[in-house]
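The structures come next, written out as structure tokens.
Across the two complexes that follow, subunit A remains constant while its partner is subunit B and subsequently subunit C.
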Partner chain A sequence: MKPMLLLGAVIALLAALAPFLSIYGQHIFVLVALYGAVALAWNILGGMAGQMSLGHALFVGAGAYLSTALYLKLGVSPWIGLVLAACLGGALGALMGYTVFRRKLSGVYFALVTLALAEMTLHIVSNVSALGAANGLAIPARPSLANLQFTSKLGYCYAALAVLTVAAIVIIVIHRTRLGYVFLAIRENERSAAALGIDVVQGKVIAAAISGALAALVGPIYANYVLFIDPESVFGITLSIDALLFSFVGGLGSLFGPLLGTVVLVPLTELLRGMLAGRLAGIHLIVYGVILVLVMRLAPRGLWGLLSDAIARRRA
Partner chain B sequence: MRAWRDDSLMDVLPLLPQTLADGFLLGAVYAIVAVGLTLTFGVLRIVNFAHGDFLALGLYLTYIGATWLHLDPYLSLVLVLPLVTLVAAFTYRLLIAPVILAPEHNQIVVTLGLSLILQNAMLAIFTADLHAMPSVLSGHIVRIGNVFIQAAALIASAASIAVCLGLYWLLRSTELGRQIRAAAQDRDAALMSGVNVDRMYLIAFCIGVGSLGLVAPLIAPFNYVSPSVGSNFTLTAFIVVVLGSMGNFVGALIGGFIIGLVEAVGGLLTGGSINFIITYAIFILFLLFRPEGLLGGRRL
Partner chain C sequence: MSGPLLQVRGVSRWFGGLRAVDEVSFDLESHEIVGLIGPNGAGKTTLFETISGVIHPTKGAVTFDGSDITGHPPHRLARLGIGRTFQIVQPFRDVSVLENVIAGVLGPNRETSDPRAEAMAVLTRVRLDHRAGLLARNLSLPEKKRLEIARALATRPRLLLLDEVMAGLTPAEIDEIMVILADIRREGIALLIVEHVMRAIMSLSDRLVVMANGRKIAEGLPATVAADPAVIEAYLGRRHHGAA
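For the complex of A and B:
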């Protein structure tokens, strides 16, 4: 139970820290927690099971649109929307995984299918007027716990932290059960895994379903935080690449490397944005690109790998 | 309802020859962009997610030539082609060569990173504004029956097809092409037979990406440039390449025309971004049910 205790301690520490942050600090806290949750979700399929997705925005967007549309059109509570979003994300992940992995598509083909699915969904949603088409959906601000809206940023800090905690618990549970070994075996060598009697297709489908469900969970929280969603912001390729980027920079396949990547990169982005004050749009993405290329060249195991190497050397 | 549909069909039908011509012209440009992508994939086994961004780079260089040096896009060809090829050579040495033997994941991530850098560098320098690069030929229209074609588009398509055929001849019938194909088919065997594989990779990458430096000034007179032009072309090129079988030269040519025609006819019938949905649906169905593409197998 040691990892669970450690996780509990870290979460408690973060929760205790949040009230003392400035408004701006709390904003970054929310962003880090939400992006961190997406990166952790991505890493279950992309890192732990080794299937690189370029379309995880599909799940985030589906979750955000489902809960927002249910709330706006039918008055369904976002809390129920949150549960339904996770179910939808899981179902989409399983469906996508089943159709793709049964046909033995992997590597770049899998990346292209996921990319195309997310882009196609973006264009479909952009044409559905009931979903606000390309203009998106605005959520009226009615702060109350029942509406999953809070009067202060602190409330959102805790909501985002809760989602992050769920993702972290799921990852620890996977790691400590047979499923973790199944994913590892599939990632390292599919043929050997199959020879050991592991159902490779089933394992990947499970990874996709869990990954999709967790990513979808972020959607409703994000939507209720910014109170506005449009196809480009939640289905766009930028979000999918962010998830991949944080994971690779943090350390692909390590349990919490993606979170480390998010903790480093998201505040860096905000800092750059603040410094440039709207001038030179896109400069933070240039920095992302450079960091990504450098990490691939100098530290293919990411920041997590560098960190654990440093600790190992200190001990030796 | 039925009557309305018949009416609209009657409205659309006379436009069909024009649409097919537009689709064919568009398809030729897609074909040459896709041929470059399929060449780098076929030889280096690397999927270049930054491919289209080099086209955008070429377009911006053409734009610079037009605004600073007052060069007609066609004249700026003598600058743009060598510059894009040079950037390709540096890209190969700095980024591609080090990961040539790395896992596929890492290669994809490196080209994605390159795409982020190129796209956003262009955004930072040129902003997101659309720019046009008119040429002396921009206004000229060729009329064939009821079909009107821009002279510039005709030139671009003809040149694209010519370059595709020229590259095919280069690969098939020259000693250089034979060595490139050897490096593509079996890296180790080629090395043992004395082929300088690294050099062949460099040349293949420079041809594949450099050809975009040729296309850019040719399509400049009837296109706009913005930083996102590149990613649109990258996606289309991927669709074309998968359709025509990854690494297959002739397939990319055929796939280019198919997607060009699908986009033009789809645009005529539906209009707007529903068009993209059709293209993506074709792409996904192909990836799922026929990932080896129309022609199957890898032939270079």
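For the complex of A and C:
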């Protein structure tokens, strides 16, 4: 029960903290929570089950476009859109996993297939006029709970925090049940996993489905926060890479390392942009890159590994 | 009682023109230890991997407990009650020894009330309980071999396939494994052992199956097989009295 209690305490603390943040602080809060949820979702497939995806934007984008299109064209409530987004993300994940893993492709091949699928979807959506093509879709501002729109940023803080909480709960439940060991065994050694009675293909497909469903859940919240989506922002490679990067920097495979990575890197990006971008174009990205290299060099097991080593040393 | 626990019937596996396994048949009763021996290249490993579902036989059939399991994938065999170890140990390196065994307890997806306690009990059986918290990568080779056995035991097999669990061990370490295997048999688990350590396989096995050039050349009690001229020829060559 301990991890659940700890999670509850952390979420309560964050929820209590949010009202006291500045508007800008709340903006960062929303970004961290949403990116954090994507990173946690990515980590279920990439870290826990060991199958690296380079295309998680596919799920976020599919979720964002599904709920937004349904709302704009058919007047379907974004709440229903949110549920449908998760279903679509899960179905896409399962389909993607089944087509690739059944052929015993994994590692770099799986990564390339996910990258290709996300990019293909980006270009297809960019050419569908019903979805706004490359111009994207703008959502008219009609703040109300029914529309999943809020008058203040605080509302979005809580919406984003809720999605993050769902992802965290799913991860804890996986970790404490048989599925957690199925993922662990697949990640560590597929031959041994099969010899122990684990259906490796099925396990990977389940991981992809759960991961896709959770990532897709972020899409509608993001769309309603920004009130505008276009293919590049939700299907783009940048988002896919971010999910992977936050997980690597935070600590691959650890349950909440990816969240730690997000908590550090997202504000860092914003900070660097604020401090440096005005002086020399692109300099903030260079500094960001240098910091990433340093973290990977000095903490190959991620910030989470660094932290747990430090705690272990303190105890010893 | 129904028939034998494991029946191998005319199993062949050809790789192009090479008949790695050629029409091999034998039975294994529950509670029995059968040793599978033969010189290098005899086809033992191919036969072993055919029984364990990794390699599909070109011809022939394997039945377990009366039902046909020919060509079943490894995970289904494990769920039916066939556990196995690997010649080159394949632990889950970056997790604890205990977690390795819990994965074995949970792998076949059967009802368990306390996987952790069950895994701990299995570790005690192979005398690895004092290493439970260690990362598997940090174990010594003999300990890794025992972990390999523990993980397979955790799936609650009725038949355990052991692929050279004693290779690379010192005589003292081999004795330790032999004690563990004798314990396992006493619990009613049948064993099929591929092994090069003659001393061990002669004293452990109830029966031996001897292969050479893909074919079964002898089968029977260890003492009988050891005196069989065909077996001696396969191991030492035809005119062994004159060989240098």
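In this section, the second predicted complex is superposed on the first by the 298 of 316 C-alpha atoms of A that agree within 3 Å, B and C clash if a C-alpha of one lies under 4 Å from a C-alpha of the other, contacts with A are read in each partner's own complex, and residues count from 1 in each chain.
Keep in mind that, in the parts below, a residue touches a chain if its C-beta (ideal position, glycine included) is under 8 Å from a C-beta of that chain, and two chains touch if they have at least 3 such contacts.
All figures in this text were calculated on a predicted structure; none of them were measured in a lab.
Chemist: Between subunit B (first) and subunit C (second), which, if any, makes contact with A:R297: first, second, both or neither?
Modeler: A:R297 contacts subunit B only, not subunit C.
Chemist: Is A:L72 touching the first partner subunit B, the second partner subunit C, both, or neither of them?
Modeler: neither
Chemist: Between subunit B and subunit C, which makes contact with more of the residues in subunit A?
Modeler: B
Chemist: Figure out whether A:I28 sits in contact with subunit B (first) or subunit C (second), or with both, or with neither.
Modeler: Once the two structures are laid over each other on A, A:I28 reaches no partner at all.
Chemist: Look at A:A281 in the shared chain and tell me whether it touches subunit B only, subunit C only, both, or neither; answer first, second, both or neither.
Modeler: So A:A281 only meets subunit B here.
Chemist: Sort out for me which residues of subunit A touch subunit C in the complex.
Modeler: Those in contact with subunit C are residues 178, 181-182, 184-185, 188-189, 191-200.
Chemist: Touching residues of subunit A toward subunit B in the complex: what are they?
Modeler: 50, 52, 99-100, 103, 105, 107-109, 111-113, 115-117, 119-120, 123-124, 126-127, 237, 241, 244, 248, 252, 280-283, 285-286, 288-293, 296-297, 300
Chemist: Report the residues of subunit B in contact with subunit A in the complex, numbered from low to high.
Modeler: Touching subunit A: residues 47, 95, 98-99, 102, 104-106, 108-110, 112-117, 119-121, 123-124, 127-128, 227, 231, 235, 238-239, 242, 272-274, 276-277, 280-281, 283-284, 287-289, 291 of subunit B.
Chemist: Would you pull the subunit C residues touching subunit A in the complex into a rising list?
Modeler: Of all residues in subunit C, those touching subunit A are 52, 73-75, 78-79, 83-84, 86, 90-95, 99, 102-104, 106-109, 151-152, 154-155.
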